[in-house]
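A, B, C, D, E and F are the chain letters, set down in written order, and residue numbers restart from 1 in every chain.
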Amino acid sequence: MLIADRSPDAAGASVLDPFYRAAGNEVEVFTAAARRGTPVLLKGPTGCGKTRFVETMAHRLGRELITVAGHEDMTSADLVGRFLLKGGETVWVDGPLTRAVRAGAICYLDEIVEARQDTTVVIHPLADHRRELPLDRLGTILHAAPGFQLVISYNPGYQSILKNLKESTRQRFVAITLDFPGADAETEIVAHEAGIDTATARSLVGLGRAIRNLDGSPLGEVSSTRMLILAGSLVAAGLDLRTAVQSAVVEVLSDDDEVVRALGELVDAVLPRR
Amino acid sequence: MLIADRSPDAAGASVLDPFYRAAGNEVEVFTAAARRGTPVLLKGPTGCGKTRFVETMAHRLGRELITVAGHEDMTSADLVGRFLLKGGETVWVDGPLTRAVRAGAICYLDEIVEARQDTTVVIHPLADHRRELPLDRLGTILHAAPGFQLVISYNPGYQSILKNLKESTRQRFVAITLDFPGADAETEIVAHEAGIDTATARSLVGLGRAIRNLDGSPLGEVSSTRMLILAGSLVAAGLDLRTAVQSAVVEVLSDDDEVVRALGELVDAVLPRR
Amino acid sequence: MLIADRSPDAAGASVLDPFYRAAGNEVEVFTAAARRGTPVLLKGPTGCGKTRFVETMAHRLGRELITVAGHEDMTSADLVGRFLLKGGETVWVDGPLTRAVRAGAICYLDEIVEARQDTTVVIHPLADHRRELPLDRLGTILHAAPGFQLVISYNPGYQSILKNLKESTRQRFVAITLDFPGADAETEIVAHEAGIDTATARSLVGLGRAIRNLDGSPLGEVSSTRMLILAGSLVAAGLDLRTAVQSAVVEVLSDDDEVVRALGELVDAVLPRR
Amino acid sequence: MLIADRSPDAAGASVLDPFYRAAGNEVEVFTAAARRGTPVLLKGPTGCGKTRFVETMAHRLGRELITVAGHEDMTSADLVGRFLLKGGETVWVDGPLTRAVRAGAICYLDEIVEARQDTTVVIHPLADHRRELPLDRLGTILHAAPGFQLVISYNPGYQSILKNLKESTRQRFVAITLDFPGADAETEIVAHEAGIDTATARSLVGLGRAIRNLDGSPLGEVSSTRMLILAGSLVAAGLDLRTAVQSAVVEVLSDDDEVVRALGELVDAVLPRR
Amino acid sequence: MLIADRSPDAAGASVLDPFYRAAGNEVEVFTAAARRGTPVLLKGPTGCGKTRFVETMAHRLGRELITVAGHEDMTSADLVGRFLLKGGETVWVDGPLTRAVRAGAICYLDEIVEARQDTTVVIHPLADHRRELPLDRLGTILHAAPGFQLVISYNPGYQSILKNLKESTRQRFVAITLDFPGADAETEIVAHEAGIDTATARSLVGLGRAIRNLDGSPLGEVSSTRMLILAGSLVAAGLDLRTAVQSAVVEVLSDDDEVVRALGELVDAVLPRR
Amino acid sequence: MLIADRSPDAAGASVLDPFYRAAGNEVEVFTAAARRGTPVLLKGPTGCGKTRFVETMAHRLGRELITVAGHEDMTSADLVGRFLLKGGETVWVDGPLTRAVRAGAICYLDEIVEARQDTTVVIHPLADHRRELPLDRLGTILHAAPGFQLVISYNPGYQSILKNLKESTRQRFVAITLDFPGADAETEIVAHEAGIDTATARSLVGLGRAIRNLDGSPLGEVSSTRMLILAGSLVAAGLDLRTAVQSAVVEVLSDDDEVVRALGELVDAVLPRR
């Protein structure tokens, strides 16, 4: 189970804030949902900041955040808990969802749609008016503590057609769509996170936006804020900008020789000469 | 196992009653079936109130309600029970179905068609004149206590062609088809459940009905009563109506940019200006 | 394991007898097979009375009846038995087939073709001249007690093309084909089982036969005797005939709106006005 | 594990002998293979007497016979043995193959091609010059006792294209093709096994051969000697010949109404009037 | 685990030698690879003598030989070892690969491509310059003893397109292609192994080569040296040559009636009249 | 778990250095990434030296290297660790990834894309700003020690279309593309690793490069540096060059007779006559 127990540094809030400046009303919607304990479904592309957004909201609301990454072998026991043998004795160990239910925490299920179906079904009674978690193995039912809130994320362009949230799951959620931040906000984020100057960050953001705007792009994904931060951090570690972009953006976006070459030419055209 | 042990508040019955006013004879049919202990199959779209209907009937009949959500990894042991190791000793723990059989409760198997086949077969002798539950592992057979009744739900438009109730299961049930309530009843429900005024509820219901009546709709599901309640609850938490509808209805109904935009235009046309 | 330990009431035999009056020579064939201990394969549509027939024959022959419902997760251990941990000790628990072999009972494997293949293979040496049940885990072989007889059922129109009895299994059996009883016999059965008057039963049977005779029917199954009994029992519980038929027959036979409507029109034409 | 521990009655050998009179040189080939310990592959249709042939050869050669029926869930542990928990202690229990290897018995693997692949691979070192059985779990290797011989059966027309013996398995065997016995031999067998007079047996055999000779037959299998014996035994139990044939032959051979009717007409034409 | 602990008889080496006379430089290549501890991949058709070749090389090099037959249910634990419960205590039991690594033996993985992928991956660090075997469960790494060498076999014409050695596995090996021996060598081998005179052996080899040279053969495999030896051994056991060939060659090569007949005619044409 | 605990010999660094001379800026990029703890994705064909490169970088950076080979049965427990029963007590045993996280080592996951998806998901929080490893079973979270770095490898031309790194995994990495070294560097490597003279190494490298440059090659892979070293080592063990190339290159590259013959002709044309 993933407990983000990091205590944000003093400047934490203001550091995280810029990230949301460019976006719409996601903070208001999340806050309203949190007030009612309504579960939230976050939609948006890889690396646009969904995890950061949840971390920010948990921080602002003063709630503990428990994060779980979904995968296709995940079962409900991975969420709820299981008996383990310890010294010949079976001991129950809470899973991350159960811990969140008891603690009144925000439970963030990242890419939960990848998980096996019993995983999504187990959240049904938690995600409607019942706010209950059945613990079959213990023969009991937990009522969620005040403050408990479910958040799940989902990348619409990325999920296979065979892996979709069941409608009966989905309709229990309020949906918020996130996208990449605006140019100024993204520049501020990249500069801060990578530890580089604003001019370099602005170059990287310009490149990132150029790639996102490619017509008929053969790329499965576009250049994310995360990639631009990685490129910036390589610059901060001493690499020249062109090499950093090649490693953190171009080679990551494609394995196809021709696409790599075309992206390289785009980079050469967009990045400033030095 | 899910035991709805909530004690309904004094006004409970009258609160729940409106929900059924608009529909047909489902209360009479359910009552007749309950008198004979005949199992009931509920058909209807996601979020139309199947769970609420069963809760209401259990309340009116004065029976305990035990609910289980089906999923594709569910096996008969999840229903019937299993041996667990406790302190080196194996202890039998009743599953939810077995508890209902012993207690004479209503056992509501939600979307049971998703479960593995042994799950449906185990209910065969409970669902005909025998009213027996074999407990293989215990080497015994339970006779259902008076009052025990099976209820299963099923969404005809939603099930895949590969997942259908076996005919030999289905023919043991009496079927009741539910649909969304009429406009007045739905308005009353949305206002009550979300805690909003009747005018706002009426706007939401008008929008919901407009979406349900779309010709050649590309949506897999339509706007359910549940979604309208969620939208209303966001309004009650302080969001403006348009934003609440965007998050609770539009973004939930589709991930497709064009469909989202078209739905948005419909919302703008239907919702009252403020 | 399912042991039909019900002691039939005094009128039991005569009550059950009508059921067979309309049919062919199935009683004679079953009796001859029982005399030789030859296994029997029952073929016939869902709800035509296969289970009742076996119950009757067991009653007439004075044999215990042990029934098992097949499903696609059933393994040979579910039939034969397994070791269970009890208090740190492993204890062997007979499965239903093993109990029948020891007791000289009739073992009725309902829809066994659904089960996993090892389930059918385990009955091979029981189903030929050897009449032996190997208990691998115990390292021993049981010889079937006198009176032991295997009966399996099978719905030819219903089985998928991928799920058929292996020829090497099938050829060990004598086959009996059952069908719905004649109109008079069925009327008598429906009246008795549902507890309604003969006139109402006759109306239901007339409707049932009309549905069975539909040309080019889009239905996967037809109206069974079981359905007619269920409809009758709803009438006995206070519903009017038309509503009872809608719930127990029409809505059960199809989920398709148009088919449901057409069936409703047929019902209106066939059922007597009141 | 299946140990044919029946002690043949005095007349056993002569009773079984007729069965082989009509066939080719299978006794000589089997005897030569047995002399060298060479494994034998029996090919032939369902119910032609493969099992009986192996029983006869084991009897003549004075060897113990251990029979195992293959199925698609069978693993090598089912053949070789496994550890079982008994009273907190793990105890090794030999599987049937291991018992045969130790005892110098004939091990007859019936339809082994159905089993999982590790099952066939485990017999490789037993089926060539090594005559060894590795017992991985015990960390040891058994050398087969003198007299040990592998026999496997196989129905070429019946196996699916996906389930074939691996060539590397198959080439370790000497193959014997069996077919139905000649008319006189089959008559003698049917009369003896079913306990009926020769004239009736001859009628049954005549019918069986007529069905086998149908041009362009839609049947998956043909009428086997086993079926004719079953029909005869129903006659011995008191059924008339026509009814016995209907149950033991016609209804077993097909579920298709038209095919059943056509077969019935063939039966009427071939069987003598009484 | 398979340990070829047979002590070759005095004449062993000379007996085995003829087998290799006809072939190319496989002895030199294997010897060079053994000198460097380089793993060897043996390619060749079923029954051409791959196992015998490895036995010979192990004998000549004075190394222990440990053989494992691959199958599709084989996992890395089958090779490496596992913990077993013994008297409440878990005891580690080395698998055959681990035993070979400790003993500096030749480990021959027969048809390893059939095994599950973790089985092939576990040999990667053993098959390059590292010569290490990680024992995850023991938390340790074994360095292979001097003399340890991996040999795997592979039948190129026989493997399905879905089951190929991973390139990253394959490129760690030196490949040797074996084929059937020349006519004189094969005659000598068949005569010696089957215990028949040279003239009969020559007839069998002539037949085998005729079958191998069939144009457009419908056979999946051709007549192998192993089959010819089996045919010869039936002759040594008293069968006439034509019958022995029918059982050990013709009936083994095909189940198709027409192919069997055509092969029979070829046999009649090629075998000498007696 | 694979711990490369070999202490490099005195000349180690200089020996390994030549390998990288011909390539691009991979050392600089890796060093920058290591400085920031950024995970690295190595792309390149089989046998081009990815493993050696990581070994070199670990050596230069003075970090421990822990290597794990991915395979399709690998689960997250294989990386993270599991409870094992020891003497009735369950004891936690760290997996290789956990050991690397605790030790601040480089963890090299070779062909991790082959592993099951939970394996890749478990590295997500390690591969972004969190640098955390959740140990679900222990109910704790490890923060990676300084120096910990993830490296994964990937062969773009080799992966099936169904097995790709998830985008959400991939975008956490900086990518470095490796290729075969230049002719001089490769010659030096082959001579040194195989222990042969420079002239022979140069012949081998010339041949390898000729094969890599084949137009429209039917080969799945090309001749790798690893293959050339193997060929050279056979020469060092006494084989003539042509035979060594046949075994280590030609027969390894293809099983197709025609391709093998064509490659042989190419070899005859390229290799020097002796």
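Throughout what follows, a contact is a pair of C-beta atoms (placed from the backbone, for glycine too) under 8 Å apart; a residue touches a chain by one contact, two chains touch by 3 or more.
Nothing here was measured: the structure is a model prediction, and the numbers come from that model.
Which chains, if any, touch chain B and chain E both?
Chains touching both chain B and chain E: none.
Among the remaining chains, which ones contact both chain C and chain F?
Chains touching both chain C and chain F: none.
Taking touch as defined above, what minimum step count separates chain B and chain D?
The distance in steps between these two chains is 2.
In degrees and to the nearest 5, what turn takes the CA positions of chain C onto those of chain D?
60
Look at both sides of the chain D and chain E contact and report whether the same residue positions are involved, with over half shared, or different ones.
different
Rounded to the nearest whole Å, what is the centre-to-centre distance of chain A and chain F, using the mean of the C-alpha atoms as each centre?
Their C-alpha centroids are separated by 31 Å.
Centroid of chain A to centroid of chain C, CA atoms only: how many Å?
Computed from C-alpha means, the inter-chain centre distance equals 54 Å.
Among the residues of chain A, which ones contact at least 2 other chains?
85, 88
Quick check on the complex: what are the chain F residues that touch chain A?
The touching residues are 25, 28-29, 32-33, 35-36, 38, 41, 43, 75-76, 83, 85, 88-90, 116-118, 120-122, 124-125, 128-130, 132, 134, 136-137, 139, 141, 156, 167-168, 170-177.
Write out the stretch or stretches of chain A touching chain F in their complex.
For chain A paired with chain F, touching residues are 1-5, 46-47, 51, 67, 69-74, 78, 84-88, 93-96, 110-111, 114, 155, 158, 193, 220-221, 224, 226-227, 230, 233-234, 236-239, 243-244, 247-248, 251-252, 255.
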